[in-house]
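Shared between the two complexes below is chain A, which pairs with chain B and chain C, respectively.
Let's look at the complex of A and B:
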């Protein structure tokens, strides 16, 4: 059994575009997706910028032929997963196919509609709006729409959810249990997440500045991103042979605090080290790190310190594309996996927007201008609440 | 597979102003609620772990019960990832939820917000006692000995867990009902078989 797992296709929707081509164009044009709230209804409207997907629920439903009461989390998921499958050219019906999708809010957007009426009158409220509350229900809607039933599961480990979905998919392929896995994640903006992050006092009232000495916090975003993982055998049979592989992954937890990372980045370091080991690569082989880089005080110092310790003087180019998309929580690992694959395919290092001042604790700074360069290996970091840390390594075919 | 070779090697109960270790009262106070927990922590058990004061009542009672449960525990015997935690209760983190919601009317408290999940008590135990293997928190109407027995047996027989803290940890209106068990493969003096019947009997002890 070959241990190689190939990326046959990618699909993405985010605040910077409704498909891969639009996302790539925005990344090249240094065009971020944050702004004043347009779709989300919140008391914080006008005060806290967010990175919203520009399409309404109505137009997403129309595009997909799904009913209007469908959770936005499922709609975003279905759009991006569909694009990934089409992009792969794989006829999924012919193979043992899995759908592994991450999210952290489930159908909370619809539950919030229900809750307003229900709170006033316990006999009021449309129950259709709560049936898809649970995270797994969102995955099922998309899996049904895609016609995937061999293996369907949901991972919810906060902000590392999607990265964990992707490497679970790779493991199932390596073990010969599936031939194709559509893996990634989705999350829609909701009042619940906005208020929760606001309580933790880690939202930036301006556009976020990841990895900057004077960073103030994160901007929340929404979207979905998926990769289509295939076995070596299947990859060889495709008309267009995939050029990128998922070669490394690791998940670690540093059990430090409910939400914060340990300041020295213990878990982050374990995840990055583990992913390199799995990929059988040295730190110096990494050409680009797509950072978790949320823009919070705590994440960026923990992640930066771990990079300082692991790469010790030989720092790869790095940037946080959350400076474009905001932090899309459960979707971020999926969206950034797509960007990592694009970085290799296009030979591009994306810019870390709005960076001004190097962090005083760190001997390096992120890339501030789009760069063209041959990229062989990309590391993509996703670090979640509860200390759940994951790193993935994507590599160009040798 | 039956769980008959597994043993309950210790148990701890916090209920009605008393703390019991292996059925013997080791601390008693007429104080109630948070005062009771603070007195048990400072005077009864003489624990020194300042983070205790930050915790919600569920976390505090979980830490105190675990401290009692692990009094003779050989911490070198298992790797952190071989030690699991499976807890349950009826009311989730409702007390922390309500306290947080009260502050949200004026200024939402980050310190309270981070306790608004029931499994945070598992995290607190995991951090302090280095039980870092599989864990889960279940919400059920009442103490479900059959389920706990099934789940913990499966962790030990099939999931690389060699020692597991399991049981019930409940806090509503500052009333505590906590009953934790330590389950291991080892035979120990006074250990009883890990069976649903024994879980029920110990949980049902009149305190």
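Let's look at the complex of A and C:
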């Protein structure tokens, strides 16, 4: 059984575009997606910027032919997963295909509306609005829409969720259980998460400044991102041969605190080290790190310290594309996997927007201008609540 | 894969108690009998933890203690609904106080990976940690990940389990879908002849190892799950037995997931009356109720039966057990277990 797993297609929807081409254009134009709240109806409107997908639920439903009560989390997921499959050129019906998705709060966008009436009267509230509350229910809407049934599951490890779904997909292909896996994640903005992060006092009331000495917190975003993983055999049979592989991955835990990273980046370091080992690469082989880089005090110092220790003196180019998309939580690993693949395919290092001042603890700073460069290996980091840390390595075919 | 130990927090006080005299429940639900948590969790932390976290922690810690393994190479959890009480607490306050005066505690503990994360935190375990949240196959996915990790050579021992809780509001919502009996009685669950079932909850953990050692209770020969197939049960089961080279005659016991709902029990009656005619059959949902990760309770029960049988060392104690559950007839799952 070949160990190689290829990326045959990508699909993405985020605040900076409704498809891969639009996302890439925004990344090239240094055009971020955050702004005043337009769609989410929250009291924090006008006070906390968010990175919203520009399409309404109505237009997403119409585009997909799904009913109006469908959770936005599922709508975003379906758009991106569908694009990934189309982009791959794989006729999924012909193969053993899996759909491994991830999200952090399932259909909460609908549940929080349901709760308003339900709290007054246990017999009130439209049940259509809670029927897709479970994280897995959201995944099933997409899987059923795409006609995938050989293997369907959902992972939820907060902000690292979709990185985990991607390596699980790769592992199951390597082990011969599946030929194709559509893997990634999705999350829609909800009042629940916005208020949750607000109580933790880690939201920036301005546009976020990841990896900056004067960073103030994160902006929440929404979206979905998926990659189509295929076996080497299938990759060889495609008209357009995939040029990027998923070569490394690892999952580790801080075991430090429920929501905070250990300041020395224990889990981050273990995840990055493990992913390099799996990929059989040295730190110096990494050309670009797509940082987790949320813009919070805690994440950026933990991640930065771990990079300082692992790459000691030989720092790759790095940037946080959350400066474009905001932090899309359960979707971020999927969206950033797509950007990592694009970085290799297009030979681009995306800019870390709004960066001003280097962090005093770190001997390096992120890339502040779009760069054109041949990229062989990209590391993509995803770290989350619960101490969950995952890193992926994408590599150009040798 | 070998199962070195298992522990559950369930509507039954213990396996021994369940054998002697199972706890019987009337009404709509079976609720967990909770242990003294101070035996398993740092007392300073107990007060802040919601019920599901404590249930999961107690089952996980007890499983580890019994296995003699201090730190597993991976911790993998399955939960369909996640931390409902914390989610409810935060959401209710958010609605009632119109997005003001919120405290972060409930939000922090509401994420689906909280149980797995708290186990890692207490153990100081920096290794692989993952959480599956796929409805009636959440536990199955966690187990599949464990097997796959071992196959990949990334783990020798894995702590894997599932946990789900009933809270007042989730029950109030689910009952509106007509899923529960009005006047249920767990002792008569399978013969009620009425639609609906009884709600359940629980936590069950297992210490899996890819190596057989003197502590091993049972070998998990096979585990399989499918997504939304309408194949008849006997077809699914036959295929599974064939793949694992086991004949029906070799099975000492078959544990089935019928839940007393006349609308769905026919699905289980079909193999019971055909391929399993004359075989030793048992249900388990009269002990734990119906919930998306109840198959973890079934596996706990099977392992405990094997363990108990080994102690008694009698001819009739089951050595090879098949479990078949099909939650909402959408996630058929099978387990084949053999005494070590």
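Rule of thumb we're sticking to: the second predicted complex is superposed on the first by the 398 of 398 C-alpha atoms of A that agree within 3 Å, B and C clash if a C-alpha of one lies under 4 Å from a C-alpha of the other, contacts with A are read in each partner's own complex, and residues count from 1 in each chain.
In this section, contacts are C-beta pairs under 8 Å (C-beta built on N, C-alpha and C of every residue); 3 or more make two chains touch, one makes a residue touch a chain.
None of these values were measured; they are calculated from a predicted model.
Asker: Chain A superposed: clash or fit between chain B and chain C?
Answerer: Verdict on chain A: clash between chain B and chain C.
Asker: Between chain B (first) and chain C (second), which, if any, makes contact with A:255: first, second, both or neither?
Answerer: both
Asker: First (chain B), second (chain C), both or neither: which does A:48 touch?
Answerer: Neither partner.
Asker: With both structures placed on chain A, which of the two partners, chain B or chain C, ends up touching more residues of chain A?
Answerer: Of chain B and chain C, C contacts more residues of chain A.
Asker: Quick check for you: in the superposed arrangement, does A:386 touch first (chain B), second (chain C), both or neither?
Answerer: Both partners, chain B and chain C.
Asker: Could you say whether A:80 touches chain B, chain C, both of them, or neither, answering first, second, both or neither?
Answerer: A:80: touches no partner chain.
Asker: Tell me the contact category for A:199 with respect to chain B and chain C: first, second, both or neither.
Answerer: A:199 sits against chain B and chain C alike.
Asker: So, does A:275 touch the first partner chain B, the second partner chain C, both, or neither?
Answerer: A:275 sits against neither chain B nor chain C.
Asker: Tell me which of 116-124, 170-178 or 242-250 in chain C produces the clash with chain B after alignment on chain A.
Answerer: That would be 116-124, the only stretch with clashing C-alpha atoms.
Asker: Considering only the contact definition stated at the top, list the common interface residues of chain A for chain B and chain C.
Answerer: In chain A, positions 195-196, 198-200, 253, 255-259, 386 sit in both the chain B and chain C interfaces.
Asker: Please give the residue numbers of chain A that touch chain B in the complex, ascending.
Answerer: So the residues of chain A in touch with chain B come to 195-196, 198-201, 253, 255-259, 386.
Asker: Which bits of chain A are touching chain C when the two form their complex?
Answerer: Interface residues on the chain A side: 42-44, 104, 106, 111-112, 115-116, 118-119, 122-123, 127, 130, 134-137, 139-140, 143-144, 149-158, 164, 168, 171-172, 174-175, 177, 191-192, 195-196, 198-200, 251-259, 266-267, 270, 384-388.
Asker: Tell me, which parts of chain B touch chain A in their complex?
Answerer: Contacts found on chain B: 104, 108-110, 113-115, 117, 120, 123, 126-127, 132.
Asker: In their shared complex, at which residues does chain C touch chain A?
Answerer: Residues 75, 80-82, 90-92, 94-96, 98-100, 102-104, 107-114, 116-118, 120-121, 123-135, 137-138, 141, 144-145, 148-149, 151-152, 169, 172-173, 176-177, 227-229 of chain C touch chain A in their complex.
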